[in-house]
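Two complexes are shown next, each including chain A; its partner changes from chain B in the first to chain C in the second.
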Partner chain A sequence: MSEESLGVQRRRLFWDRASEKLLYLLVISSGLIVLLIAATLYFRSRPVLQMQPLRSLLFSLDWHPSRGSFGFLPFIAGTLWVTCVAMALAIPVCLLTSIYIAEYAPKKFREWINPLIDILAGIPSVVYGIWGVLVIVPFIKEWLAPLFHVSSTGYCVLAGGMVLAVMVFPFIIHLSTEILKAVPQELRDASLALGATKWQTIKNVVMRRAMPGIVAAIVLGISRALGETIAVMMVVGNVARLPKSLFDPAYPLPALIANNYGEMMSIPLYDSALLFASFILLLVVLYFNVVSRMILSGSKWSSYYYG
Partner chain B sequence: MDKRSLEENIFKTLMVGSTLLILAVLLMILGTIVVKGLPFLSWSMLTQAPKSGYYLGKEGGILNAILGSLYLTGGATILAFFISLPVTLYLNVYARRGSRLVYVTRFVFDVLWGIPSIVYGAFGFTLMLFFGLHTSLLAGMITVAFLILPIMTRSMDEVIRMVPNALLDASYALGATRWETAFKVVVRQALPGILTAVLIAFGRGIGDAASLIFTAGFTDSLPSSLFRPVATLPLTIFFQFSTPIPEVRGRAYAAALILTIIILIISVVSRFLTKRFARHVVR
Partner chain C sequence: MESNAHIRVNNLNVFYGKDHALKDISVEIPNKKITVIIGPSGCGKTTLLKSFNRLLDPTDNVKVTGEVFVDGENIYDPNIEVTHIRKKMGLLSQKPYPLPMSIYDNIAYGPRLHGEKNKKKLDRIVEHFLKTASLWEEVKNKLSAPASRLSVGQQQRLCLARGLAVGPEIILGDEPTSALDPKSSQHIEKRFLELKQHYTIVIVTHILRQTKRLADYVLFLYMGRLIEHGPAQEVLENPKQEMTREYIQGIIS
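And now, the complex of A and B:
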């Protein structure tokens, strides 16, 4: 081999090894972003944590930033209310739809419904919000609330929950359809061969097998719902009180964070309190995500993680 | 009819019902935006920046927000791309197949995907203060880059995984290094899929508002510098929608229609690319 081509060889091999080290560093550091986010938010929320004990931050109703008291309970309660309503509406609809798509729907139908669900997933949050204000809010104000003999502005927990439910539809349906499809065909065949009807097979065999995965999909849906901001904020009323019924306004955490950017820098500790709010949100969402991803990756459904 | 088939029929009806419900909701959302937005859509909306009195219903358009959104999301997509592509190539070409690192990295990116955009916004805001920046195009870009990084990486990983191992082995057998295999063979084979991943991330980024409230700010002038605030479509929709003046609200609907159309186009193009990709995959 000539001197020159040896040089080329050496350069190629050197670059191969150097690139491996560089890419390795890149992978490790991008993996550390989670820790970076958590650490930054914790660091910035320390001032308010030092001023007020954690218990009163989380369980006090007293929200008067200008007097230096930050009780997050109304906001935490608002988040829980809206999320629970959304999931109560979304879970049955999503399960039925994904069973239909995975088990019953003809192939042709499946081919055109998937893109449509993708479109639903792609619609921006602010557009959902506009739809909520124009359709859901008047619907509640003029139809639903009178039906239950209550008066409501329409901007309430139920409106937030309904808009949120629609927003998590595509997410849960997509995941649970995948999970149902991953149930081995032999199980269905065995059950059908024993004389079970198609529905009995789905109910007793397919669903039983898919249950952990479905639960994981729902938990992921919940964590998505917890952090949704703009659309919910537009329809939920944003009143910092404990909601007592579905027709009361609420003020979820993300809305609190997004709404108060203006005042945040002029009141002492306010910015720290808002970043504390996002820190709580992050921890809850991380917890839900890690748990459900562990269910998904520990099972046979997701060969995804092991390439 | 016996009990078994009665139950099956009830549930089947419920299933078809809920599938139709979802389709109806989708149609209703798109319908609302089209019906409300179309009358207010005009050429001047697309080609002019807001003039004085615009928010009271006078002349002008939302060119500032359209350009702002395109610049901001474009920049963020490029930033994210330069991390996503190398990371996915490392996971699929360099790393030992099925190694712990690959598993953990995929897991972490999935978890990152789940973090709400408002949290990314808060994080971007603290980063911005740390580096002494103000609300600006740059700060917004970096925040959105963080937001779409996991989306892009996961979607890209999904396609690059489909590149057959035989192709890698053939490349190694000809004496290519891993670097050459990754960037000259794998990237070429997966190109349409990579573009799809980029488009998906762009579409997600351009519709997001919560991460930008803190970081991008708002302005009536066209984007001019990386270090100045910038208007974006979702926020311009949100602000115009919160005024009581019907003219201005109408423009919010029109802006929402524009944003929805942009996202629909992206979705159609990426679907087309996915189909193309599926045709060329060596199986």
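And now, the complex of A and C:
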């Protein structure tokens, strides 16, 4: 081998090794960003944690930043309310939709409905917010609330939940359709061959087999719903009080942060309190992500189904 | 044309889109015998088998013409109710697919679909058919365990028991031993030989030796056509058609 080609050879091998290391570093650093964000939020929220015990931060209703009392319960409750309403509306609709797409729809229909649902995922969230203000809020104010004999401005938990439900549709529908399609046809055949109807087969066999995956899809939808900010903020009313009904306004955590960060920084500890709110949000979303991952990757429960 | 055959096929054609998978098949399947469908891969064996209980229905773009009579009823009549046809046939697929539930529920699934709610009766059904499939001794202490924990060989016997539990007259097997080890295959073959006293059995296989061990009657398919059919001995030892002879000697495959 000549001197020259030996050099080429050495360079080739160097880059081969180097590229792997480089890619590895990139992957690690994007993973580290999560930790970095969590650490920043934690350290910046320490002042408020030192001022007020954790229990009262999480469970007090008293939100008077100017008097130095930060009770996050109204915001935590607002987040939970809106998310629960959204999921209660979204889960049945999404499951039935994905069952239709995966099990009944002819190929042609599937080919044009799927891109349409994809577009739903691509609409910017502020557009959902405006749509909520223009359609959902008046609908609740003029029609739905009078139907239940309550007066409501329309800016309420229900409005937030409805807008949010539509926003998580594409994620849950898409994932659960894929999961249903992954159930082997032979399993359906086995049930049909025993004289089951199509619906019995879907209910007893397909859904059962797909359940861990569908739960994971729902959990993923929940974690998206928890963090959604703008659209919800535009329709939910943003009043720091504990909502007592669907027609009461609420003030979810992301809205609190987005509305106030950078605004009222002259109040002592306010900035720390908002970062604490972000920290709670991050932990909750992280928790749901871990849960869905555990369900998807062969926990005890899914081993029952997959063996 | 009077016939008491459970399955009678008349001018059956199956198309997958433009692909003409089965061409003018007309044949009668003899009762209470083992009929084996042989032929090279892709010749339509499985399609023919699946046409017997309308399991082609879920396939995209499939078109069926002609008639298949099961107990005198044309199952491709548009007015037919398909679940009672399927109930008449137990199906064994290439790989066992236990339902995502316990061993007990796998067997009880069929009878429950058809309205059996009595716990004692279900217990009896489960025990009886697990014994018929010679699986009872191995699983009687873990009936509530998930069926997916059984070995593949045990799963296939479970699927056999599951199929028998709805009281069929016919058993269809689509290469039912192809995923099994030799011992488990033997187990299944033995069951077939016992079961043919009471059931009409149709099996698809590409294993000639298995055909020789099991078959009373043989259908030979080639490129979607039924080339030859008749009693096993005649077809296997003294085929009338050149193509059958070549396939059996291993010249075409």
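Assorted remarks:
As a working rule, the second predicted complex is superposed on the first by the 296 of 307 C-alpha atoms of A that agree within 3 Å, B and C clash if a C-alpha of one lies under 4 Å from a C-alpha of the other, contacts with A are read in each partner's own complex, and residues count from 1 in each chain.
As a convention for this text, a contact is a pair of C-beta atoms (placed from the backbone, for glycine too) under 8 Å apart; a residue touches a chain by one contact, two chains touch by 3 or more.
None of these values were measured; they are calculated from a predicted model.
Touch criterion met: A:Tyr104 reaches chain B, while chain C stays clear of it. In the superposed pair of complexes, A:Asp189 makes contact with chain C only, with no contact to chain B.
More residues of chain A lie in contact with B than with the other chain of the pair chain B and chain C.
By the touch criterion stated above, A:Gln200 is placed in contact with chain B and with chain C alike. Contact with chain B, but none with chain C, is seen for A:Ile130 once the two complexes are overlaid on the shared chain.
When both complexes are overlaid on chain A, the residue A:Ile267 reaches neither chain B nor chain C. Looking at the shared chain after the overlay, A:Arg208 reaches chain C, while chain B stays out of its contact range.
Once chain A of one complex is fitted onto chain A of the other, the partner contacts of A:Cys84 are absent, as it touches neither chain B nor chain C.
Touching of chain A by both chain B and chain C, each in its own complex, is seen for residues 197, 200, 304-307. Remark: chain A residues 107, 184-197, 200, 204-205, 208-209, 304-307 touch chain C in the complex. Looking at the complex, you find that chain C touches chain A at residues 53, 55, 58, 60-61, 83-84, 86-87, 89-91, 93-95, 97, 99-101, 109-110, 113-114, 146, 148-149, 159, 162-163, 166, 172.
Only residues 12-13, 15-16, 19-20, 23-24, 26-27, 30-31, 33-34, 37, 40-41, 44, 92-94, 96-97, 99-101, 104-105, 113, 115-120, 122-131, 133-135, 166, 169, 173, 197-200, 220, 223-224, 226-230, 234, 254, 257-258, 261, 274-275, 278, 281-282, 285-286, 288-290, 293, 297, 304-307 of chain A touch chain B when the two sit together in their complex. For chain B in complex with chain A, the residues that touch the partner chain are 4-5, 7-8, 11-12, 14-19, 21-23, 25-26, 28-30, 32-33, 36, 83, 86-87, 89-92, 94, 97-98, 101-112, 114-123, 126-127, 130, 146, 149, 153, 161, 177-180, 203-204, 206-210, 213-214, 234, 237-238, 241, 252-253, 256, 259-260, 263-264, 266-267, 271.
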